[in-house]
Amino acid sequence: MNAYAPILVLGGLGAGFAIFSVVMASLTGPKRYNRAKLDAYECGIEPTPQPAGGGRFPIKYYLTAMLFIVFDIEIVFLYPWAVTFDALGLFGLVEMLLFVLTVFVAYAYVWRRGGLEWD
Amino acid sequence: MSATAAAVHSLWTTRALADTAATPAIPTPHIEYAQLSPVLIVFGAAVLGVLIEAFAPRAARYAGQLAVSVVGLAAAFAALVALAADGYAQGRSHVAAMGAVAVDGPALFLQGTIVLIALVATFTFAERRLDPVAHGNRVDSFAAQGSAVPGGEQEQKAVRAGFTTTEVFPLLLFAVAGMMIFPAADDLLTLFVSLEVFSLPLYLLCALARRRRLMSQEASVKYFLLGAFSSAILLFGIALLYGYAGTVSYGGIADVVDGTAKLTPALANTTGNDALLLIGGAMVVMGLLFKVAAVPFHMWTPDVYQGAPTPVTGFMAAAVKVAAFGALLRLLYVVLPGMRWDWRPVMWGVAIVTMVVGAIIAVTQTDVKRLLAYSSIAHAGFLLTGVIAVSPSGVSSVLFYLVAYSFVTLGGFAVVTLVRDAGGEATHLSKWAGLGRRSPLLAAVFAVFLLSFAGIPLTAGFSGKFAVFKAAAQGGAVPLVVVGVISSAIAAFFYIRVIVMMFFQEPQPQGPTVAIPSPLTSTAIALGVAVTLVLGVAPQYFLDLAGKAGVFVR
Amino acid sequence: MNPANYLYLSALLFTIGAAGVLIRRNAIIVFMCVELMLNACNLAFVTFSRLHGNLDGQIIAFFTMVVAAAEVVVGLAIIVTFFRSRHSASVDDADLMKL
Amino acid sequence: MDPLIGALVGAPLLGAGILLVGGRRLDRTGHWIGCLWAAVSFVIGVVLFADLLSRSPAQRTLTSHLFTWVPVAGFQADVGFQLDQLSMTFVLLITGVGTLIHIYSVGYMEHDENRRKFFGYLNLFLAAMLLLVLADNYLLLYVGWEGVGLASYLLIGFWQHKPSAATAAKKAFLVNRVGDMGLSIAIMVMFTTFGSFAFRPVFAHVGDVSQGRLTTIGLLLLLAACGKSAQVPLQSWLGDAMEGPTPVSALIHAATMVTAGVYLVVRSGAIFNAAPTAQLAVCVVGAVTLVFGAIVGCAKDDIKKALAGSTMSQIGYMMLAAGLGPIGYVFAIMHLVTHGFFKAGLFLGAGSVMHGMNDEVDMRRFGALRTYMPVTFVTFGLGYLAIIGFPGLSGYWSKDKIIEAAFAKGGTEGWTLGAVALVGAGITAFYMTRVMLMTFFGDKRWQPDAEGHEPHPHESPKIMTIPMSILAFGSVFAGGLFSINSAFLKWLQPVTGHSDGHSPVATWEITVATLVVLILGVGLAWQSYGRQAVPAVAPRGSLLTRAARRDLLQDDFNHVVLVRGGEHLTRSLVYLDHTVVDGAVNGTAAGVGGLSGRLRRLQNGFVRSYAVSMLGGTAVLVAATLLMRGV
C-alpha cells in the first residue's frame, strides 16, 4: 500500500487544484460570452473544420507540423549534454557544436526553399 | 512524512548504485576521426549537397551536386584504401567510437564495395540523355517536382521551367553513409540508427520517378510502411536482447551468450530466461532478412523494384543487399555464434524457401524489373547458404559473391534504362523480343549479365556461386547445396528464356528504341561487364582479397 | 512493483500496434500503429534499463524517439503526396503493382 | 621474360576490347589501332624468340602460371602458358602473317563501313589463336579453340547481309561443333585417365595407360582436328567459308586457324606415338583429304574456292606427315609454316585480283591480267611456284620431305602413302597451273558485273601490294633457309623428337619422281587451259568434274546420310522424347510454371497482406528458434 501512497497524494493534489480553479473562476470572473470564447480550444484552428472543398486542411498545416517535430526533437540530445556539460568538457562542446551546425544546415535548406513561408 | 517524500522522489529518479555513488564520473568519450573518415567524408559531402540545394542557383545545382558526390565518394574510397593499407583490415582492426563502429576487414571490404556501387549509381542518377528533351531542358530519371500532383498544373509548370530534383544526390549520399555504418555497426543501437539513416532516403528516392509517378509513389508508400513495420520489429528484438544481456554492444552480448560475462544479480535473473535471447535474436534477424529480401519477408521487393526509378532500383538492389548481408554476417558471426545451433536450422529453412520461391515465381514474370527483383530474391537465398557455412570461407565467399552480384545488378538495371518507348522505359518483356536484331551490342551485354545471374562458367556469377556452395558444402550443408543447384537450374531457365527472346524472336513492329546513353551510363554498364568477366575468368585474386578481409573484430 | 508488468504492457502495446498495421486501411493510421510499436519498444528499453541498473536503455529510448520523429516526417510526406494524387489514403488502393 | 608471354595474348585482346567497346568514335582510327596491337604482339614474339635462341636447346621452354581458375581438390584448372619451340614457331607465324594481313586489310576493307568491327574481330582471332598455341593444358587450349571458332564464325558471316555468307557462317559453326565435341570428350576422357589435363603430367604418364584408352583419346583428338582443319569427313565447311572477306580467308582459312588441327596432333605427339592405330587413322585422313582437296581444287571456277580446295589438300599433307610420328612431325610443321607464307600470299593475290575486278571471283571471267596487275602477277606467280614445289622454292623443301617421310614409314603403308602423296603433288601442279593460266594468261573474258559496271583492272594500292611482296619473299626463301644445315629440324627436335626412318627409295629418286609428276601436271594444265581458249561458260565436263564441282558430293552425302538419316533418327527419338522424356520434362516445367502461377498470386499488391506475411514469417522464425532450443 505504501507504494501507492504518492500516487494518491498526487492525484488528490491535482484534483483539488482543478476543482479550486474552476469554482473560483465561476465565482469571481465576469460573464461576457462570445462565439470564439465558447469554442473548444484546439491550437488556434477551428476544432471542427468545415471549409469549402470537403473539409481538408491546407497542406501547409502538415508541413509546419512536420518541421516543428523534426526540429523540436533535437532538444532531446541537447538536454542530457547540458546536464553533464562539465564532465564532458571541450570534447562535448565540439561535438554538440557540430550537431547543432548540422541542424542549422537543415534549417538553412528549409528556409531557403520556402518551407517557412505560409503562402 | 519524510518516508513518503522519498517514495514520491523515487518516481522519477533511480536509486544510485553502490559503486557509482555520489556524482558518477563520466569517462570522457573519444572518437577516432581518422578511422571513421570514410563515413564522415560521405556525410560531409551529403551536408554540402544540402547546402548547395539551399544556396546555389538552380542552374548550377546539377553540376555542383554531381561534382560533390563524385569527389566525396572518391575521397571516401581513397580513405578506405588508406585504412586497409594501414593494416586496419587485418592486424590493427579494432572497434572505434566507444564501441559503436568496427573497423575491420569485412567492414572495410563492404564499405569499399558500397562506395564503388554508389559511385557507379551516381553516374546512372546523373544520366540526362535518355529522356527526350523537354521544353529545351535535358532531364534525368527523376520527377521535376516530387511534391507536385502527377499530371497536375503545378507539375506541368515545373516541367516547363526545367526543374529537376537534384536533391537525389544528397539523399543518395546520406543513404550511402548509413549503409557504410550498417555492416560496421558494433552495437545494436548503431545498427538500428544506421538502418534508419539509409532507409529513410531510400523511401524518398523511390517516390521520385519522372515517368509512371503513381506507381513510383505507390512503391514508396509500400516500401515505407513495410520498412517501418520491419524496423519496429527489429527494434523490439533489440529491446529483448538488451533485456537479456544488459548491454547492446556486440561483444558484450556475445560474452553473456557464451557465459563468460561477469554476472550481476540482474543479469543472473535475465540470462536464466533464454526466451528473451531467442525471441529477440529472431526478431533482429528478421529485420535484416527483410532488408536482404529473404522469403517470407520479400514481398515488398518486386513492387518496389518495379515502381522505383530504375537507377534507384539498381542502387537499392546492389547496395542494400551488400550492407544488409554485411550486418547479418556480423550479427550471426560475432553476436550469436554461441547459439548457432539454434539459428542454423532456421536459416537453413529460410535459405531453401528463399532460393526456391524466388526462382519459381520468376518463371512466370513478364516485366523485366520484376524479373530482376525475383532474381535478386533468389540470389539472397544463394548468399544465405554462404552465411550458414559459419566458417572463414563462408565469410569470404559471401563477400566475394556480393561484389560479383552487385556490379552485375547495377549493370543490368542500367541496361533496362536504355530500352525505351514513348512511355519511358519499355519494361514489359514482350517488347524486348528481337532486341538482339535491333541493337546487338546492348542485347549481348544484357545477355552477359543474365548469364552471370544464371551462373554460367566464365562469368562472375559462376565464381560467386561456386565459392558460396563450396563453403556451404564444406560446412556440412550438402542438402542445401543440392537445393541451391536445383533452383539455379530453374533460374537459368528464365534467364535463358530472355536471351532466346532477344536473339531468336522477330522484333515487334512498334518495338522500343534503344537510347544512346552519355558516357555516364556507358561507364556503369562497361564496369558491370568488366567485373563480370574479370571475376569470372580470374577470380582468384579477389577471392584471396575477400579471404584476407574475412576476419571480424570483436 | 514487479518490472515484468511493464514488459507485459510493452508487449501488449506492441501487439496492438502490429494488429493495427494488419487491420487498419488508412495509411496514416497504419503509420500511427507503427509509431505505437516503436513506443512499446521504448517502454521495454526503459524497463530493462531500470532492471539492469544502467542507463543504456534510456539513451536508446532517446534515439528511438528521434528516429521515430524523422520517420514521421518522411512518412507523412510520402503519405500526403500519395493522398494528393489519389484522393485516398487507403492502403488497399495501392495495388497498381502486383503478381 | 615470363610475363611477356601473357602480354603476347593480352595485346591483341586489348586491341579487340578497345575496338569493339570503343564504338563509332574509333571508326576513323580503328584499323590502325588493330594493326598496332597485332604488330606489338609480333614484336613481343620476336623478343621472346631472341630470348629462346639465347638459351641452350634443352632449356627453351618457358612457362608462366597466371592463376588457378577453379581450385577444387582433385580438379584444378589453371590458366598457364607454355612457350617452347613449337609454340614459338606458331607465334611467329600467327603474329607475323597476321600483322601483314592486318595491314593489307586496311586497303582491302577501305570502303567497308564496318571496318573497325572487322579489325576488332581480327584482333580477337589473333588473341584466341595465340591462346590456343600457348596454353599449357588442354582445357585452356579448348578455350582458345572455341575462341578461334567464334572469331571464324564472326568473320565468315561478316557480310551477313548476304544470305550465302550467313549460311556459310552457320555451316562452319555447326560442322566445327562436331569436332569440338570430339575435343571436349577427349579432354574428359583424358581427365578421368590421367587426373589432369596439363600437358606435362599427361605426357609423362602416357606409359602407364592402356592402349585402348590412348587410342580413344587419339581418335577423339583426330575428330577435333578434322573439324578445325577441314579434313575429310568434316571438310565441307571450308569451301563455303570463302564467303568471308578475302583477308580472312588468307589469315584464318589458309595460314593459321585451319592448321590448329595439325598443331593439336603434333602437340599430342606423345599420345599418338603410343597409339599406332590412332596414328594410322591420322595418316589415312591426311592422305584421303590430300587427294580429295586436290580434285575439288581442279574443278572449281571460283578462284577462292579453288584455293580453298588446295588448302584442304596441303593440310592433308601436314596431317599425313603428323600421322607418321617422329619421322614426320618436324616436316608437318615446316610445311605448315611455308604453306602459311605461300597460301596467304596466294589468297592476298586473289583478293587483289578481285579488288581490281569488281569483286568478281569466277576465273572464267578473268584472263590476261598479267599486264594490268604486274605486282600481283609476280607475287602470285612466286606463290604458285612455291606451292607446286618448284625446285629451290619453299614448297619444294617441305613437301618433298613429307613425300620422302611417307615412303620412309615402310611396308605397304609406306608405299601406299608415298604414292598418294606423289600423285597429290601432280594434281597440285595441275590445278595451280590452271588457276594461274585462267587468271593471268589467255584472252580477256571480262564481263560487266550485275550492275553493268565494266571492270577496269588496276593494280592494288601499295598498302596491299607490300604485304603481298613480303609474303612472296617468304614463299621463295623460307623453305631454303629452314633447310640450311637442317636448321628447322634442330630447332624443333627437342620438342617433337625426330627419327630419320629408312626410306626404301633414295632421296634423289624421290626428287626426280616429284619433278616428273610436276612437269606432267603443269603440262596437262597447259594443254587444257594454255593452248586452248578457256570457255567463258563452264562445259558440262565429265562425271568426276561435275562431282568435284559439287565438292565430290560431300554435301549430298551429308544430306542423304546425316540429314535424312538424322531425320529418321530424330523422328524416332522425337517419338520417344514426346512420350517419355517430354512427359518428365514438361511435367516438371508445367509443375514449376503452375506452382509459379499459384505462388505469384500471393503477391496481390496489398500492403496489409504483405505485412501479414512478414509478421507470420517472424512468428514462424521465433517459433522455430524456440523449437530448436526445445529439441
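By letter and in written order, the chains are A, B, C and D; residue numbering begins at 1 in each of them.
We adopt the following convention: a contact is a pair of C-beta atoms (placed from the backbone, for glycine too) under 8 Å apart; a residue touches a chain by one contact, two chains touch by 3 or more.
In UniProt terms the chains read A = NADH-quinone oxidoreductase subunit A; B = NADH-quinone oxidoreductase subunit N; C = NADH-quinone oxidoreductase subunit K; D = NADH-quinone oxidoreductase subunit L.
These numbers were taken from a predicted model, which means no experiment stands behind them.
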Most centrally placed chain, judged by C-alpha centres: B
Centre-of-Cα separation between subunit D and subunit C, whole angstrom: 71
Length of the line joining the C-alpha centres of subunit A and subunit D, rounded to whole Å: 85
Inter-centroid spacing, subunit C versus subunit A (mean Cα positions, whole Å): 21
Inter-chain centre distance, subunit A versus subunit B - centres from mean C-alpha coordinates, in Å: 37
Touching two or more other chains - residue numbers and ranges from subunit C: 18, 21, 30, 59, 70, 77, 84, 91, 94-98
Residues of subunit A engaged with two or more neighbouring chains: 3
Touching two or more other chains - residues of subunit D: 600, 603, 605, 607, 611, 615
Every chain pair in contact, whichever chains are involved: A-B, A-C, B-C, B-D, C-D
List of subunit D residues in touch with subunit B within their complex: 21, 66-72, 79, 589, 592-593, 595-597, 599-600, 602-603, 605, 607, 609-611, 613-618, 620-622, 624-626, 628-629
Subunit D to subunit C touching residues, read off their complex: 600-601, 603-608, 611-612, 615
Residue numbers on subunit C that touch subunit B, as the complex places them: 7, 10, 14, 17-18, 21, 27, 30-31, 34, 37-38, 40-41, 44-45, 47-48, 50-54, 56-57, 59-60, 63-64, 67, 70-71, 74-75, 77-79, 81-82, 84-86, 91, 94-98
Residues of subunit A touching subunit C in the complex: 3, 59, 62, 66, 69-70, 72-74, 76-77, 80
Residue numbers on subunit B that touch subunit D, as the complex places them: 221-222, 225-226, 229-230, 233, 274-275, 278-279, 281-283, 285-286, 289-290, 295-297, 299-300, 302-303, 341-343, 345-346, 349-350, 357, 360-364, 466, 470, 490, 493, 526, 537-541
